[in-house]
Amino acid sequence: MAKIRGHVIIKTEECKGCDLCVIECPQDSLEMSKSLNQKGYTFSILSYDTCTGCTNCALVCPEAIITVYREGKKVKATRPISKGQSV
Amino acid sequence: MAKIRGHVIIKTEECKGCDLCVIECPQDSLEMSKSLNQKGYTFSILSYDTCTGCTNCALVCPEAIITVYREGKKVKATRPISKGQSV
Amino acid sequence: MSEKIKDNVIESMKEVWERTKLLHDAPNHYCPGCGHGVVHRLIMEAVEELGVMDRTIAIAPVGCSVLAYNYLNVDTQQAAHGRATACATGIKRVFPDKIVFTYQGDGDLAAIGTGETIHAVNRGDKFLIVFINNGIYGMTGGQMAPTTLEGAKTSTSPDGRDVDLMGHAIRIAEMLALLPGAYYITRQAVNSAKAVRKAKKAIKKALQYQIDGKGGTCLVEVVSNCPSGWKMTPEESNKYLDDEVFDFYQLGDIKVPPKEEK
Amino acid sequence: MSEKIKDNVIESMKEVWERTKLLHDAPNHYCPGCGHGVVHRLIMEAVEELGVMDRTIAIAPVGCSVLAYNYLNVDTQQAAHGRATACATGIKRVFPDKIVFTYQGDGDLAAIGTGETIHAVNRGDKFLIVFINNGIYGMTGGQMAPTTLEGAKTSTSPDGRDVDLMGHAIRIAEMLALLPGAYYITRQAVNSAKAVRKAKKAIKKALQYQIDGKGGTCLVEVVSNCPSGWKMTPEESNKYLDDEVFDFYQLGDIKVPPKEEK
Amino acid sequence: MNKKQLMKGNEALAEAAIRAGLQGYFGYPITPQSELLEYMSRELHKRGGAFVQAESEIASINMVYGAAGAGARVMTSTSSPGYSLMQEGISYIACAELPCLLVNVVRGGPGLGTIQPSQGDYFQAVKGGGHGDYKLIVLAPNSVQEMADFTYIGFDLADQYRMPVLILTDGALGQMMESVVFPEYDIEKNRTNHSSWATTGRVNGREQHVITSLHLQSEDMEKQNQILQKKYRKIEENEVRFETIQTEDADFLLVAYGLSARIAHKAVNLAREEGLKVGLLRPISLYPFPYQAIEDLSAKVSGILTVEMSAGQMVEDVRLAVNGKVPVGFYGRMGGMIPQPDEILEEIKKLYSPKRRQ
Amino acid sequence: MNKKQLMKGNEALAEAAIRAGLQGYFGYPITPQSELLEYMSRELHKRGGAFVQAESEIASINMVYGAAGAGARVMTSTSSPGYSLMQEGISYIACAELPCLLVNVVRGGPGLGTIQPSQGDYFQAVKGGGHGDYKLIVLAPNSVQEMADFTYIGFDLADQYRMPVLILTDGALGQMMESVVFPEYDIEKNRTNHSSWATTGRVNGREQHVITSLHLQSEDMEKQNQILQKKYRKIEENEVRFETIQTEDADFLLVAYGLSARIAHKAVNLAREEGLKVGLLRPISLYPFPYQAIEDLSAKVSGILTVEMSAGQMVEDVRLAVNGKVPVGFYGRMGGMIPQPDEILEEIKKLYSPKRRQ
Amino acid sequence: MNEEIIIAGFGGQGVLSMGMTLAYAGMVEDKEVIWMPSYGPEMRGGTANCIVVVSDDKVSSPIINKFDTTIILNQPSMDKFESAVKPGGNIVYEANNVMNPPTRDDAKVFKIPAAEEAKKLNNPRTMNMIILGAFLAVKPIIEISSILEALKKVLPKRHHHLIPLNEKALRLGMELVGKD
Amino acid sequence: MNEEIIIAGFGGQGVLSMGMTLAYAGMVEDKEVIWMPSYGPEMRGGTANCIVVVSDDKVSSPIINKFDTTIILNQPSMDKFESAVKPGGNIVYEANNVMNPPTRDDAKVFKIPAAEEAKKLNNPRTMNMIILGAFLAVKPIIEISSILEALKKVLPKRHHHLIPLNEKALRLGMELVGKD
């Protein structure tokens, strides 16, 4: 079964290092930084190329700073993407 | 079966003429006065010698102005009579 | 029967019912036929019978029974509208040996005092709440209470209580019964001699629990009348209770202690 | 993966999740891992998806979420502590077409605001209450809330909540469910992606009822965390929810509309 | 429609409010104010407004907060103990600058007190009350007609300055009947459209509106306070209202408001009958207080007597106005007792002395 | 036991209350007062008192009413919005003449405001607040030591006069740490036995005791008011407390209380450094207010500046005291902002002029 | 003309509505009027009273302690208000309900057997109108026609059919004056 | 002696407890002290600061806007408080957490690599004690022994075993001064 490829972008400067996305990622794609951001927190980074774009991380992120991307296939999005978004 | 004989004394000047004792009396012993008391109310009077001392009238009287007497036989009093009361 | 004969008759009889000494020897200010007078009497009888006058503190509400201390001859505090239970908590927490009861109307307990009522019961504060539910604000002239029945006309529901606009009659005792802090919750009436006897028993039982230091709050709701507010004769009002009100506010125990421990 | 490759990868993908435009583009002031941020997002997603931003009014409480209007980009009123529902009633009665929701903590809704909460629901006022039950007073530094579990340590129950002295954790949603004015009452969580999906659905459903003018008050309780107040890491706090809290505050619908009328 | 009617003060106020386009009334029963609530329960719904009998005064004032914040013309009414319960809410409303009408039909205090009329809540109305530096415009009617008139004025001032206006009246004015004529009032013209700041939903995607009284940074909170203080200065300049009766030639001045002012008026008549040149100044707006008018008159009289149904509250404002220029006496009755004209006359005689004016 | 300790003001107050024999504390969390509540939750139960975290400030004050009415030494504490909610209850307690201690750790208002320190609740504390004619004894500490000291004094005054005593302080004094020494205090000697009027149950069948604030007949209500007023006159005679700093040779007077007074003190030092003869009068009891002391000093100075963390509240009392004799200026910051010594100095310079004293 | 009246009796005797009728009638005649109920401490049924002022001029104080006329319907009210009539004023009182007639010799006293007459009209509730009629005979400050006009305001619509009966009572009351 | 100090940094850096330790130590030496926390608007984690005054005399105003020494543990605090030091005063700051060193030329500036040194001690939490030591080297207003005494008060009992480590950190901090 071909794995669905996904990707996330995290606004690391707004991350508070709560670790919840890391814990919630079923693919163990994320991990916490060693260094601190400007606000003094460690931050989440996409470290492994295993992301399927399942959105779990984004769903549990209290800061709403994760944007999730996925390969072409239609998914049941949690919320509709605004129109006019590029592919 | 010998009827238990009872009697009530009503502080008529404090009666407000609510009629509830009259309605509640199982023996129809009570009735309301035609005239008014000082406060401007009709008042309850023991008019018929049928009272059994059942205390119903006293129990429903909101003014607590009815004292009930009964012939010798023991009854389950709603509340114990203070000691030293004459027979 | 002449006065003379009367006296003789009485001479030969036992007094089987007299006014408790714990009621002040003064007429009350309630309207003719109002249930407040009956409940006052029952509580004082219970306090007298239990012999706890010397440590009983009553809390009078704001409502028709605001002057309850003019009738109940026990130490009394008149609490702010809706705050009788808070007042009782204050006393009972500092002086756990006192026997404390609040006496509250439905406006007092179930409208403005909702929060205080619920949290006192939730804390399981060990006093008795005597709750006079007459479905109306008696004292202020007959406005709708939270407990007013659907369709009932009051001075602020002139066309009858419209539940869509004004909400439903609230059965607060049932809500309170959900709380673990509630120890004994019962709904009684005083509109007949039989009901009075039962209500008396309930009040006495609740006070006994408190004397025994049993865990939790007791509440005796008395579904009562307000002839003036209802614009009925006392007789009509008592009949209306039987015919309509008890259908909604069903009488009987709502919550009894886990087991009647001895 | 270099930046270059990243960009290419993204180029070829669909964005399947982005931050809703109805959240202000500003960082929130919540502690790391706090559930408030998640719930904020869910409500705004729902409002956006339902297309009612132009008539939505939020009521922020006093509590950690007092500044909710800095995050929720909808018209907002910040209500006095405990009075969010009264505030919502005021709006909704005069402007029934508005879509109104309150956002309240457990101190706000279930302590000081108990009376307002119960009577709003009893009147069946047609708005949504989003109730964040984190079992603590977050904002003021971790004092005991009415919803704090037995034994839990807080800054005012330093030896753990002693139910004999401090009362039991209160399940207010169950009490509210007794009221006919309650239309839809559900208890949700946001401590896992799965829970978040469900919670979102519940919030959206409740708002839809309001849009459809369905009769009564909706309440979505979110049993959430307070890592700071609980003195746990976010991870520990979420696990504690699973391990301990949901046993007492069981998740799921507590009251559903009589039948799902179309 | 605009003919003379015989009405209770409480009802006249209610009717005026409805005619002024009231959109929401939120209240809780309390004597001697309940007629107002009851009138609303009968009339308001029929005439297009929302009526809610709230579960408490606290709920009432916060319903007012909500509806006013959404731009509606709304009000509540209560009496002394209930008004005390509203203090937090009023402080919020004042800070958030929401227009609304509040009515306190004062009874004898403190505590549960008595249901008779009183003026013991003056300080609460114009000085303290809730926490923080805020003011309400406070209007004190002294007749059933003014109960109606000031209701219109009150709503308009509330809109104009975006702030709560309080009608401070008492149980006697609330429950007595006098004739009243309701003036013409064009709701559409007078009622302000608040959509520029009110929470209406982000119509057409406009910027978010926020109603709040919170400013975590002291700098911001001070700024909000400066906005309020600036508004108050403006009000003090423009909205002082008072009435003078026979002050032109007066050697001695009575100061009284509301019901007391009518009794004082009778005392003026009695005094004049005895040849004492007594005048009366009646503050109508208690905030803003007519300091200047009293200061001006204090230059012309030999003494001043303040008459209140209280232990002496407004008299402090009178003293602040007079600032030591002439003696300021006080006569008051408390706890629901009402000063009688002859009692006032007696007090006047104790203090009166004729004065040659320059 | 009586050694120096470093404590927060809120905690020092709490500790002092416990040492004064506190029997019951009832309160609700609010910043910047919560340390007091938390201290009680840790300590009071262990040390023989009852602690209840109430469901609200309204419940708190009415718990105080109940326990005080039953004769216990009790207290509550809160901050501005919470204190507003207590107004009805305070009016009841004052009318029913119950001794108790209230604490308002003031924050910036109005409304929800800010959690920074403020003095914006002066009017509420000493004038208005609740409905009706009543007063509280109001004490304003200006150090952690006084937070403790005034707690003892407050309880004793409350007992002596059978009335509530308010400690009016602010978030800075509540949360800052200074050293404090708790004085010896003999609870048994100082705590009054209230069994002659308190509701204890009819011990040995004695006459009923009633705690009430209701008097349906105005005549009775007026009588109760007269009792209160008489008590207040006595307090005004006997309980005025204030402190003067370098007023002996002062040409110019600062008046400030609480935290402001400490800042003003520094301003006095700065002024003296520049050769300006400035003194400071610090009212300690805000009610009863040191009218006489200020009036006396006003004869000796060329002007007065009142400094407050408010828009100007106590300044009215200062003006009433001065009664026009010299100009009274005002400098204040609002909403949690704190006046700085150099700002005050600048204001002094604007108003200062040396005066030859007779 | 400036007539200051107090009407006092039991709550159920129609004291307040009698006063209100009088006040309405005054307004019908374009006079200045005040009606002020008392706030007795009793809940219900106790004594009730109201002050009515009918005047050609604007009324300054509604607070009055001496009256031109006192209308008294029961003994407690007589005890309380006999002294409140001005010298030279009138005391109109109901015969049946007042045991001890007033002793003031500086006032005109009118004893009206209104309760008895009301019984004859088969409607005890007309008692207050009989008294009102009597008062108007003593002090003809208002036309009967205005009173009838006022009754339309005071009585709820469903009782308007009783207006003729009330008129009868009023006229009966007027006739009773001086008969005693 | 009258030393007015502000200590500012992130919430988690031990800013408040550093100040409290200093204040306690002052009291141990029978000096007059004040410790005043700031009330920042942030809920958690944001910046925190406290004012400490240690003086031989009674302290009049606890409200201070110019300080003898500012101790700064992060960049935002440097931005805010650099200007708050009196001319001739001291700025003591942590090297790692402050990117832009202060530019004041009328104050003495001490850059302390406390974070780095704390790592060497295997306990990043000793960072604040290193800084405190540095401050005491700059301004020897308090004896180290008093600080250790104070730590007994500030630290909960279960952490008392860490006092030797803290002493080490303090002394290390003292040594760092002037090395840069």
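Letters A, B, C, D, E, F, G and H name the chains as they come in the text, with residue numbers starting at 1 for each one.
The rule is short, and it goes like this: a residue touches a chain if its C-beta (ideal position, glycine included) is under 8 Å from a C-beta of that chain, and two chains touch if they have at least 3 such contacts.
The structure displayed is predicted, hence computed values, not measured ones.
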Fill in: Chains touching both chain A and chain F, listed by label
D, H
Worksheet item: Going only between touching chains, how few steps reach chain D from chain B?
Response: 2
Discussion item. Counting only Cα atoms for the centres, state how far chain A is from chain G in Å.
Written reply: 86
Discussion item. I'd like the Å distance between the centres of chain D and chain E, where a centre is the mean of that chain's Cα atoms.
Written reply: 40
Discussion item. Measuring centre to centre with CA averages, how many angstrom lie between chain B and chain H?
Written reply: 86
Fill in: chain C-chain H separation of Cα centroids, rounded to whole Å
64
Fill in: Where chain B touches two or more other chains, by residue
16, 41
Item to complete: Scan chain G for residues touching two or more other chains and write them down.
Response: 41, 45
Worksheet, complete the sentence: Within chain C, the set of residues that touch 2 or more other chains is 30-32, 66, 78, 80, 111-112, 114-115, 119, 123, 139, 146, 165-166
Fill in: Residues on chain F engaged by chain E in the complex (per definition of touch)
58, 80-85, 87-88, 91-92, 94-96, 106, 108-116, 118, 120-121, 123-134, 212-226, 228-229, 310-311, 313, 316, 319-320, 323-325, 333-337
Item to complete: Using the touch definition up top, name the residues of chain C that touch chain D in the complex.
Response: 111-115, 118-119, 122-124, 146, 163-168, 170-171, 174-175, 178-181, 215
Practice prompt. Spell out the residues on chain G that touch chain E in their complex, using ranges where they run on.
Written response: 20, 23-24, 27, 30, 32-37, 39, 59-63, 65, 153
Worksheet item: Once bound in the complex, which stretches of chain G touch chain B?
Response: 10, 12, 45, 74-75
Worksheet entry | Interfacial residue positions of chain E with respect to chain D in the complex | 23-24, 26, 49-50, 52, 54-56, 58-60, 62-70, 72, 74, 88-89, 92, 199-205, 208-214, 216
